[in-house]
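First subunit A sits with subunit B, and in the next complex the same chain sits with subunit C.
Let's look at the complex of A and B:
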């Protein structure tokens, strides 16, 4: 007799885990730095607008949009989302081991794969909500204050880029989330993989096109509406690669995420808790 | 004999001299540090750069090498060469700090071990000095000690005139690296004291360097200022090292401002440490 898989039960269990974890993720004190990182660009763009309204300095539309793109690609994607993902996703399992509470989940009648999916989705939901809001607010502020300048003509065209920025933010949360969920399960000390991944993501600008494809940031930058030229002492050594089109970048990142989740699911099936060694 | 019948007997053995008591902590900590093969390998890796620099210094003074390469291809040994050395070793020292620093105080706090330290003739200053010495001694072996050896090697090969002309380089190597060591140690100890989970403290140390530097750059770009560089530790230390070596820094901040920013960062770390390193802890519900 053929029995079908209990998808409905698994979905209900994922939702239950999601509800518990989401409440914990948002309320914990450790989330404060994540909020600061997400909304800092918004506060700075508010200050920038205020400075312009007060007449202390004038703005140029194209220059401001380029500055926004630079801040988004260098600060939001490479630093804020990266380190927030390290803090949130590595904490999903490793943090529970340190707190000696993971066995409560393991004792519950829930498949471990379901647990991985539930916890991952809770982290992604939190990051997408926080960073999505931060990105949208900062971009709206950066673009809207241009209405008061001579560059007001660029505003309608620039507003069309808002969904792209929010979408790239969501994909970044998805991609980095999966990367750090797996590293949190594979490594006891997250510093080594975090430094290695940060270094890899930072040096891809100097690497050949083939190697660039093995990084999350390359796909994210390909999707960004404004390209930011690289400046710095290593300018001579940079290698430019053709940006991957959106119809390849988006499914590519999603596939990478699914592959990493599958790896995490395989890893957690064999996981044994030994609180004493932590 | 029942235990309660034993009278109190004070310790009558030899006491460690007061001035060197803080080193007891370092001695115990090194036992754990050197158990890690990864760390020992990393320490060896940190010495590759000084060896390579010694070769670069030696090449212009070797006739055989001069016949193979033209003089123009050789790197000139000047303050700029030592600044590059300082940057590289400084980064390696930072990574070493991110490895070792987070576990220094967090374990004592997590296990309520501080009363055990402070019930002995051991002050809070000595405790912090002891924990700092764990990092300071290791960092010295990869920063200013090989740096001064390189300086001495170049002075030996180039002659006394080069030595007297570039004496400020030796000063920069010694003082500049000590400034870096003190900053790294205080930062690591403060993070270790405030974040009881040592892995989170390690990530926080990394984040403070990279993210705060990023925030500084964002401040500069969005608000069209250079003040953001004052919270960028890398630019602050580059300004200080460059001024010591008599070179111009690209950070756009003055050495005086850099020193003030550094002093503020150290004062903040000391304040954070003094709040946490106590023999007791008040729990507020």
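Let's look at the complex of A and C:
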């Protein structure tokens, strides 16, 4: 006897959840800082090329690409996507509890696991669209600017890195999304765990390779096309793990994400509706 | 699907240290079942247990053979109208039902049709295009009802569904419950006022402080309560001795005790209605003057009195 799993039904239900949630994710108030964070680098690079065109300052093109990589790794990955994920994902379920509407999901013939996947994907889709666009625009601006400088020759090679940057951006949304989905289910107040995770992700460079695997940033950094040499005294203590090749980093990050989602599903399965005492 | 039962086997639910319901054994057949009890007696807890919104601390629950742990199967056959008065933000009545049906996995056409049917049945067709946030309390109650029935479930769980409805809407809702029950559905309704639901219920479950104190058909419940728990009635009056010898001859009166101050008595009766009649008779005949009459504050009986009402009491 073979009972096949109802994948089609699950897919339809996930789509229905996306239809309900996605538009809301874009429209809610807490999305505004997310837009600002996502498009700030773009504005930065626009300003940079404007300054150059006006002839106020000249710059070397290859240095620009290094600066881009630095801004991407420090600002976009570690701060912008990180805190946007806090804002979006921590509230996927918590927000419904505050609103007292989570029971409508629990009263539908939908497995709680499917609900977790649908909600998660609605957050991921929103983040990937916004940050994917932000990264693509800022990178195109930066590369376009190269055409005006002496280093015109590096443009084709630089263009080849565009999909890598967008891809890393998407993976960052995937990874941090899962981290904060789980965090939002485990904690009522998001600040403390968010700060703790930020610290963890920051000290991870000093930790042995085994531990690095339990951070999101570890996978993302080894995927970035341009390595940024970090300066400063911290460097002395940095344990540089061998840069992990993409064919290990990508599955590694996806595995970490799946493990976190499984944890979220377990948590949601046990969840009871009691708005009064929340 | 009809013919199945909703079964509680020795179910208890504690919220931390707080008792929700304790040691509940029930087997609910199709038809209208009323869960009746004062606030805090555990009606909502029982309903949340049936629908898996809370999990039993002990015991097992089965809804037509399905575990409440399996929402994918459960909510194909169960619809639940909760006591929460909250709705997804910004939705119209139509969108509220439609998107819920899409979540059920229905196609656009099916969802549309089922939505229209549910709106029609609850008299909400005209208001369907307006936002739920702008609805009156009665309309919100009706759109919640529409939400509970829109996927055509065979078990309908309704937590205080008549609350907030005007007499007209109330009559319509009751007619709807009856016709659904006539189709073989399980319709479970809670209320803290027995007479609101006793005439439409096929069976009642009386709850008090988390315990099922009586269950069965309404007539049976009434007489069971009287047989097992004679009601103590305290009468303060002139000439209690005369009253005592009068009522002691009645066979439903189990015991009569005189008050020490000689200004009243305490009588235990299995039939309060007849006792009150006899009391009235004594007053009419000029046998006694009554100062006050009150059921003694026995726990189960105060609930009973509160629920089943004081229809025999003429004073």
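Keep in mind that, in the parts below, the second predicted complex is superposed on the first by the 273 of 278 C-alpha atoms of A that agree within 3 Å, B and C clash if a C-alpha of one lies under 4 Å from a C-alpha of the other, contacts with A are read in each partner's own complex, and residues count from 1 in each chain.
We adopt the following convention: contacts are C-beta pairs under 8 Å (C-beta built on N, C-alpha and C of every residue); 3 or more make two chains touch, one makes a residue touch a chain.
Worth saying up front: this structure is predicted, and the values here are computed from it rather than measured.
On the shared subunit subunit A, the superposed partners subunit B and subunit C are arranged side by side without overlap. In the superposed model, A:108 makes contact with subunit C only, not with subunit B.
When the two complexes are overlaid on their common chain A, residue A:94 makes contact with subunit B while staying clear of subunit C.
When the shared chain is aligned, subunit C comes close enough to touch A:20, but subunit B does not. Of the two partner chains placed by superposition, only subunit B is touched by A:191; subunit C is not.
Of the two partner chains, neither subunit B nor subunit C is touched by A:156. Angle at subunit A between subunit B and subunit C, computed from CA centres in the superposed arrangement: 80 degrees, to the nearest 10. Aligning both complexes on chain A leaves subunit B and subunit C separated at their closest CA atoms by 12 Å.
Judged by the document's definition of touching, no subunit A residue lies at the interface with subunit B and also at the interface with subunit C.
Note for the complex: subunit B touches subunit A at residues 38, 95, 98-99, 197, 199-200, 202-203, 206-207, 210-211, 214-215, 217-219, 221-224. Looking at the complex, you find that subunit A touches subunit C at residues 9, 12-13, 16-17, 19-20, 24, 99-101, 103-112, 114, 270, 272-275, 277.
Interface residues of subunit C, counted against subunit A in their complex, comprise 15, 48, 51-55, 71-76, 79-80, 82, 84, 86-89, 99-100, 102-105, 147.
Those residues of subunit A whose C-beta lies close enough to touch subunit B in the complex are 30, 33, 37, 40-41, 44-45, 47-48, 51, 57, 67, 70-71, 74-75, 78-80, 83, 86-87, 90-91, 94-95, 98, 189-192, 194-195, 198.
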